[in-house]
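In order of appearance the chains are A, B, C and D, and numbering begins at 1 in each one.
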């Protein structure tokens, strides 16, 4: 007789980003091929997850403190004394931090906003850590520069404008400087398909 | 200090079908957004998996017996008295069974081969349950027809030929009849792009 | 001072199937790279086109009679005595004829309908040579079988039903037999993605 | 009897950029549907092409002088007194000029190089108007700035370096200044997928 566990597991996998019903089923059939030892290890990792993985109090990145003994509130970047604490790079999500760290072009601190504003989904605004950002800048004596590193999309621009407005009290007083990442030709772009804004910035930033 | 659990979880997710490093990371960040209750439920489901999910002894489909009390060796299809036990439809994988069941065109039993032969990956042959299939036909008094329902690809055709050869002892004696699913225009196919084999079969099967 | 010829040529190229403004411009720039001799040859070919290319009176295929001396009304297929004149294969367009001829699976005559019915574009019906088809069957003493070789799409099915209805007077009297190309798995199809109709036909046509 | 014109026309259409055998056939069948008047107009346009379309002596853009009476050697941009003759924007092809003109971000003169260098196709180098560029800068008293507006691809970068080397005699003497369009996030780019070079430039060009 068929039990309930397969539908329940499929339903949970369907919540994963980018995973629909078909992929979710494939995941369950994949697990059925794994050895009992591997499945048990997987269950143990998931079991440890909530205790060992948390968000940095400073920049809200996801990180895991060492093996459960005590809990550090700061991720590896924020706790690293050689990082430039005067700069905060605001990104949409954790994967953006990874990409920038891998590029090696930035040595300051991050701030993970948690999402982007969207004209189609106004409810997104609640997920963004805007209030926390305001409070953080207000209390901080160290941060003198904010760099907005959001995607060059409608949502990204909309979010950038919103952050600039929210932090206006500080920029007006000259407490912090805010900038956005520069526009121009990105690697692989063909000139033939570049739009006006890209071309304008590329022309202005010529060197 | 950064612990080990994030890399370990990413590594496990990378084993999932169709999931690369980037998607695996997204899964971990997704889990970080889930509530502790949801994460715990997920861990419990994975924990129950090996005890409650198994492969049918008859057709090797993945199924789950009822809530762990006793264990049935037969899946819902094989245990259903109104299925036509004289027919066995040989498929590559569990998802194929689902697709055919959903179509409602077949009322017999299945047999999940577990993979396809591949000229590029000869090691695949070990995953196919060919010996078990031979033994099953040898011992069975009920099965009189085998239908090969494999993909119309090079690997599918190669596998079909292999199964036909393996079961030749039985077809020669007239114990079973083997057929392959018919070729022709599949839904959505434009005539302009149909190849010779498809056109030939479509012409022969005209009605 | 800029003249008019470039915009006019771009406008004509934009009428070509599948060609938008950007591709049309690329064509003009391509012509600017060609030698004057090549351009002149191209102009000559276009100039000869209407005199030397016409539609077969029998099957409406596009063909070209020999170099302008006299004009044959029949294409190479219809004029070939070894073709089986008792069979007429109805297709949507000329490219379908080419594809079937290249496959070598058919030895009868063709009939190019000129388009397909479309629920979204009812005006298409005028382009179809339905009346001519009716008259042709009425007058013909040779044709005993009609095979509908239309795409396995909504439009193709809609058109097939329409042709069957139009030719009902003849099928009822037993003058002709009508059939449609068989459905089933087309080359390259994976079973996992096959829909119900395809699976049903594939199962019925198993061999 | 089948004549030759269809294969010849298909062969010519196959030379068009992005057009393969299948598309070329579709073009011929499309022409067969056009009215004799339209076909004749098309032939006339092609016939006029070589006389009325030429390349600007100054920037090598394709343009057409007015209706055949007299022939101007300069395109509309080069002949326009209000264009800034001190700037020359070097592009790969005519379509790039169109894109930049449409964006309205540039008011100087252009120079169409005619192609890009390619590591895989060294023979491309002959198509580039590099010698003409050198001579042009040598003779010109007006040009003080060269902007390289080539695609941000391997071929584009390779070509940009080549042009910079060729024009070194002039930059060393301070006769001209050379710059490349700035890199950064192009419109629509998501930060998650941006590579190191793009991120580096975007960070350096922040404002």
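Everything that follows uses one rule, which is that contacts are C-beta pairs under 8 Å (C-beta built on N, C-alpha and C of every residue); 3 or more make two chains touch, one makes a residue touch a chain.
Worth saying up front: this structure is predicted, and the values here are computed from it rather than measured.
Minimum number of contact steps separating chain B from chain D: 2.
When each chain is reduced to the average of its Cα atoms, B sits farthest from chain D. Work out the mean CA point of chain A and of chain C, and you get 54 Å between them.
Distance from the chain A centre to the chain D centre is 40 Å, each centre being the mean of its Cα atoms. Averaged C-alpha coordinates put the centre of chain C at 38 Å from the centre of chain D.
Of all residues in chain C, those that touch two or more other chains are 93, 95. Shown here, the protein chains touch around one cycle, each chain meeting exactly two partners. Within the complex formed with chain B, the residues of chain A that make contact are 1-6, 8-9, 12, 15-18, 22-23, 25-32, 34, 36, 38-43, 45-50, 52-53, 55, 62-68, 72, 75-76, 79, 93-95, 98. On the side of chain C, the complex with chain B involves touching residues 91-93, 95-96, 99-100, 102-106, 147, 149-153, 156, 179-207.
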